[in-house]
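Paired with chain B in one complex and with chain C in the other, chain A is shared by the two complexes that follow.
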Partner chain A sequence: MTSSSRARFLGIPAPALTAAGVAASMSLPWLADAYTVSLASYGLVAALVAVSAHLLTTTVAMPTLGQAAYFGVGAYTAAVLGQGVSSGLVQLIAAATAGAGAAAVIGSALVRTRGMVFLVLTIAVGEVARVAAEQAVPLTGGGNGLAAVPVSLPGGAELVHDGHVYLYILTCTLAITGGLHVLLRSRTGITWRAIADHEARMQANGFSVHTRLWTAYVTAGALAGAAGALLIAARRFVSPTDVAFSTSALALLAAIIGARSVTATVFAALLIVGVRDVAGAALPGTSPLLLGLVFVAAALARGGRGRRLAARVLRRPDYPPRSHPEGRQL
Partner chain B sequence: MSTPLLRIRGLRVRLGTAQILHDVDLDIAQGSRHALVGHNGAGKSTLLHAIAGTVRPRAGSIMLAGRDITNLAPHRRARLGIGRTWQHPALCGSLTALQNVTLAMPGHDPSRAHRALMASGLGAHIDTAADQMSYGLRRRLELVVALAAQPRLLLLDEPSAGLSPAEINSLIMQLTSLPPDTSVVLVDHDLDVVSAIAHQVTVLHHGRILATGAAEEVRRAPLPHQARPRTVTPVFAPPPAQDRPVVLDVDRLTTGYHGAPVLAGTSLHVTAGEIVAIAGGNGTGKSTLLNAIAGLQPVQAPTTIRVGGREVHGLDAAGRARLGIALVPQDRRLFAQLSVAENLVVPRPGGSGPLGDPAALFPALAGRLRQRAGTLSGGEQQMLSIARALTTTPRVLLLDEPFEGLAQSVAEQLWLAITELARGGMAIVITGHRTDQMAELGARVLVLTGRGLSGPAPARGEQRRSSGPYQRPYR
Partner chain C sequence: MWNGVGDLIVAIDGVAYGLLLYTVAAGLSLCLGVAGVMQLSHGTAYLAGAYAAWALMHGTWVGLLTALAAAIVGGAAAGTGLALLLEAVPRHLDQALATIGVALVGAYVLTEVWGAEPLSVDPPAGLGGSVDIAGRPYPVYRMVFIVIGAGLAAGLWLVVHRTRAGAVMRAVAADPAMVAALGIPPRRMRAAVVAVATAAAAAAGVLGAPVVGPSPGIDHTVLLLSLVIVVAGGAGSTRGALVAAMVVGQIQTTAVAGWPTAAPYLPYAVLALALLGRFGINRRRSA
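Showing the complex of A and B:
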């Protein structure tokens, strides 16, 4: 039995909690004002970027700070494509494909590195993407950004109302994260985890580790690219600011807070966006400070007493005890 | 004469600044059971690594069934039929035993993996995550993983290390019943295992082959003194019990993992100058006991642990180390990126330990002070782990399977050092599977079972014959 199937939060089984969360999320447009709904839309976009970082950081143990690059590739692809094709689904598929394609090219070199070298190279990739977005003015609009038209559903209906856009993004996010959830429990996902556990053993079992890691990197690129398409649906605008380092950093932070759970990563991203945009707006100028506090709290929670407290709250039965000699920490 | 399955010619391997293998030539015939023997640091494991592809040679060639595999990646060699184990069990820790074996099975068939686990006696642990298993179980599981792909060349790096006598007998039966066309290259310091399995033996010394051939021929061959260990059996005579104060006093130690008890009310009292050897099957909690005393394993009420009369409750591992508890863990836990010298100064800068220069205890380390710990051989790493523990001048020394992976002469040297430390008043606790011999040499033996510690003699049939707490010399 896996840990996730037995995971509980405050005594409530995780599947029941997830179902309640989905139901509550679906009802948000009828309960909240337009600003909150719009913010939630962006939170879901950020959550998908975080999930792509989760795949690399947690599943294959290769922490990344470059997912904003593929997010940008997806967003610009959707925006450019949107000038001729308004179908949200087409844009989503095209953005995911573009993100995957870019990751396929870059990942072929990156997956041969590990640890700090990999992390630094992903930062470089993110920065190159941001500079490219600023410099390729005819394609991206440079620093002024690129505006897009509203996306439409397969039936042709345009998504203009904030509530409709939110429900579209929520549906896409649920479908994509659900698919990832299944993928991570498939043999492919188990192989990724196994490589993170013991790369040399997997090589000795006949697995091409580079190929498997490349597959994970491309999948993460596709996820971030899809998030880019959802950004266009949510804001109808993309600029180099969206491709900035801070996007990758927040995705990594959410992945760290989310630990081994995709669902927890999604909630972590929503929390971060909430702290940054809601609490930051209520207390002007404090947004970086608040995010910094979230970073510190996450680091403490991952490393010591907070982590054990979280384990008890989450009631994860197989969480390594404080000083289990074989306990594995990311 | 037919082409050998494996042909190695002129193999040279260099790790960092150290030349490990020098122009090694070796043939392994199809179906051969071949042992590599030699001192710690002789290059045995490095040779296995070079064959498996995890170490790149600087020169030479490796041919498998007539195909040059010298520059082939490890996974491609695995697909050509090379299976292997490591000196320490190499498993995917977060995956269950079944998942570990399934990933190694051709076609990734879980039902075949299930059958393999049942056949190997691991049926009760199918759904247990590998990192929740005891060391011995992990080693057994690793062998199942290595055999899952039905390799035609199986490389085994100290497969008997950490196994109980009964498990070693089972291992020997398992390896002797392999298909006749499966070739095995074996590195092991247990000469009983080598003798039972290997038909061919190669003696390595400082990265060069001294002798190779049929096992009996090599046994009779005249070898240089350094490659032939001495046969001394030092006997330790502890001082009278009434003269010794209790240094380590463990009372009703209770601990476990995830709510499952491992030790329930275990008590242990060790006096100054005493050597206590703890026997017990794999999974009975020997390592857990040492980890709990050292502060690396949370304990539950009503546990009390006292060192020199002082209660250690509330002290973490660092606090207990300052109080005089030193642990040499089974998996060594060295600072792999630091040099040997740096590893020795980290616990206590400027400290020299009760026996003077710790490196002097093991001459093999003296010449490698600048070498990174991660590039040492397994036996040398074991020596360094012990030497590092001694730099803190402990009152209580906890040694978890200290003889594992050590050549006989080094193990003998270590035993001498342990007795010397005990004479100096140190309380020493050793876990291991060869405690009957330690009893003969002056140690008090206790057996750890599900009911706690009892003594003095282990259950009959649990121990195998051997000439010391370590292994018989190869001669």
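Showing the complex of A and C:
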């Protein structure tokens, strides 16, 4: 590990890279066709779900396969609310609150479990959410899904154009991930990581481990809920397919590939969605196959040589790796 | 509310369904609890077995035995391959990723070969009819399946608790380092457990095909129910898996008959209650 406090990627300081990345992504609507722009919009939505999985999987070391549930809660909240209120910001806040609320209830039980039991319970939560979305026909439209109206900006302008929608989603995603970046470096974030590393010691030091983990779970629920509102802005449609296991699995995959960096998680999600949709469109029907191969390749790469390579390319992760063997690992 | 013969038939159905779930979940329980590998592609083995039954059985006994042999050999081979893959990714989280990938690829291949339509499989000749239970017809095959399933459950219990291989298996679960020190490679043990479990799931697919037929998505359903059963019964405990499978089977069939909207949620309610009970006990013990 380098002694420099600046994160670097291929030798370039991270702030410069971030600035260049933001500028490049802001200019996408002028550079790419409408299909690519709408694909990028969806990629950002998936990236935000992945970031919520990152918070649980990496920060507090509790891997999850159920973030699609809170994504769904947020999306349906925004879509139903959109029938009366078109303000994107109101929908975003309402969806995040609904996601956090659902996570608060479910999380109070789930944070008492660890490892495999926690993982299986999150799968169960995701499945229950999907079935509920299919069955609550009056509210969710069942298998037919629920269409929504275009969201509007605070000034009242409706977001109809793909480029405008993309810029709105990009701005929201940047604001939310920026907020998380700050949160992860605050006392709260440090405590979360400390619990992941030394749960028993933190407990002995007087920290209420369950409450802290619950807070992390609720925050992750809020992030996934917010992503749900952005899905409505991007696609103006939500169906039980969006709440399916594959959404959670994709988020976990991106979170794992992204390792300890929120930025890398975002890029991993964009890359996975890109591979799935672009290559899947080139060879129709093969996207599950490609996605499956990406999963296997990612696991293999992390298992051995690929991991050392990644460590060399990413000179320094966003925060130091765990050095203590007693840290929780699934 | 007891409503006589109808409830009896639902209860028998529940036993058949529970035993079917058990034959799949027992293997997964051994994978998770004994071999210590995270396996999320277990449902794919069931689906492949069910497709093998559709392709080979054609309602004949020879077909059934051929399909069963193909499923066991193919399942064991696939399981060995899977075990090799899992050796390359030692951590549970990476194993979860790898097996999700295997499940996606498997589902894609099966759908490419047999199409996206649900298929129905006829039981072998002579078992296609129905018997009278207190004046109501009941499919013979399900009765036979109960016998086979009970036999499988008893056989598995004998292997795990009364044979040397079973003793080694339990020893690996308790203390892998000690077993390795005794000269038994844990790696080979893990591979054997995954191979046997996958073969068992594929065989369950063949035998279960006339009850729960092959169709895309069944792999996911079977995996979810198996995971519920494994976690509710305690990973590595075949006895716990049997109890959990019977409870889930019974509740599922009862709910489908009487309260269909609640049916998809009930296995998870069982899981929640089982965990609540277990953690409650733990808390009392540690206090």
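Quick note on the criterion: the second predicted complex is superposed on the first by the 311 of 330 C-alpha atoms of A that agree within 3 Å, B and C clash if a C-alpha of one lies under 4 Å from a C-alpha of the other, contacts with A are read in each partner's own complex, and residues count from 1 in each chain.
Definition applied: a residue touches a chain if its C-beta (ideal position, glycine included) is under 8 Å from a C-beta of that chain, and two chains touch if they have at least 3 such contacts.
The structure displayed is predicted, hence computed values, not measured ones.
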{"item": "Contacts of A:194 with chain B and chain C, given as first, second, both or neither", "value": "first"}
{"item": "Partner chain(s) touched by A:113 [first = chain B, second = chain C, both, neither]", "value": "second"}
{"item": "First, second, both or neither for A:178, with chain B first and chain C second", "value": "neither"}
{"item": "Per-residue touch tally on chain A - higher for chain B or for chain C", "value": "C"}
{"item": "First (chain B), second (chain C), both or neither touched by A:21", "value": "neither"}
{"item": "Partner chain in contact with A:300 - chain B first, chain C second, else both or neither", "value": "second"}
{"item": "Residues on chain A lying within both footprints (that of chain B and that of chain C)", "value": "none"}
{"item": "Of chain A, residues touching chain B in the complex", "value": "1, 187, 190-191, 193-194, 196-198, 200-209, 317-318, 321-328"}
{"item": "Complex interface listing, chain B residues touching chain A", "value": "52-54, 73-75, 78-79, 83-84, 86, 90-95, 99-100, 103-104, 108, 127, 129, 131-132, 145-146, 149, 257-259, 287, 291, 295-298, 317, 329, 331"}
{"item": "Interfacial residue positions of chain A with respect to chain C in the complex", "value": "57, 63, 65, 109, 112-113, 115-117, 119-121, 123-124, 127-128, 131, 135, 245, 249, 252-253, 256, 286, 288-289, 291-300, 302-304, 329-330"}
{"item": "Complex contacts: residues of chain C adjacent to chain A", "value": "32, 38, 85, 88-98, 100-109, 220, 224, 227-228, 230-231, 235, 261, 264-265, 268, 271-272, 275, 279"}
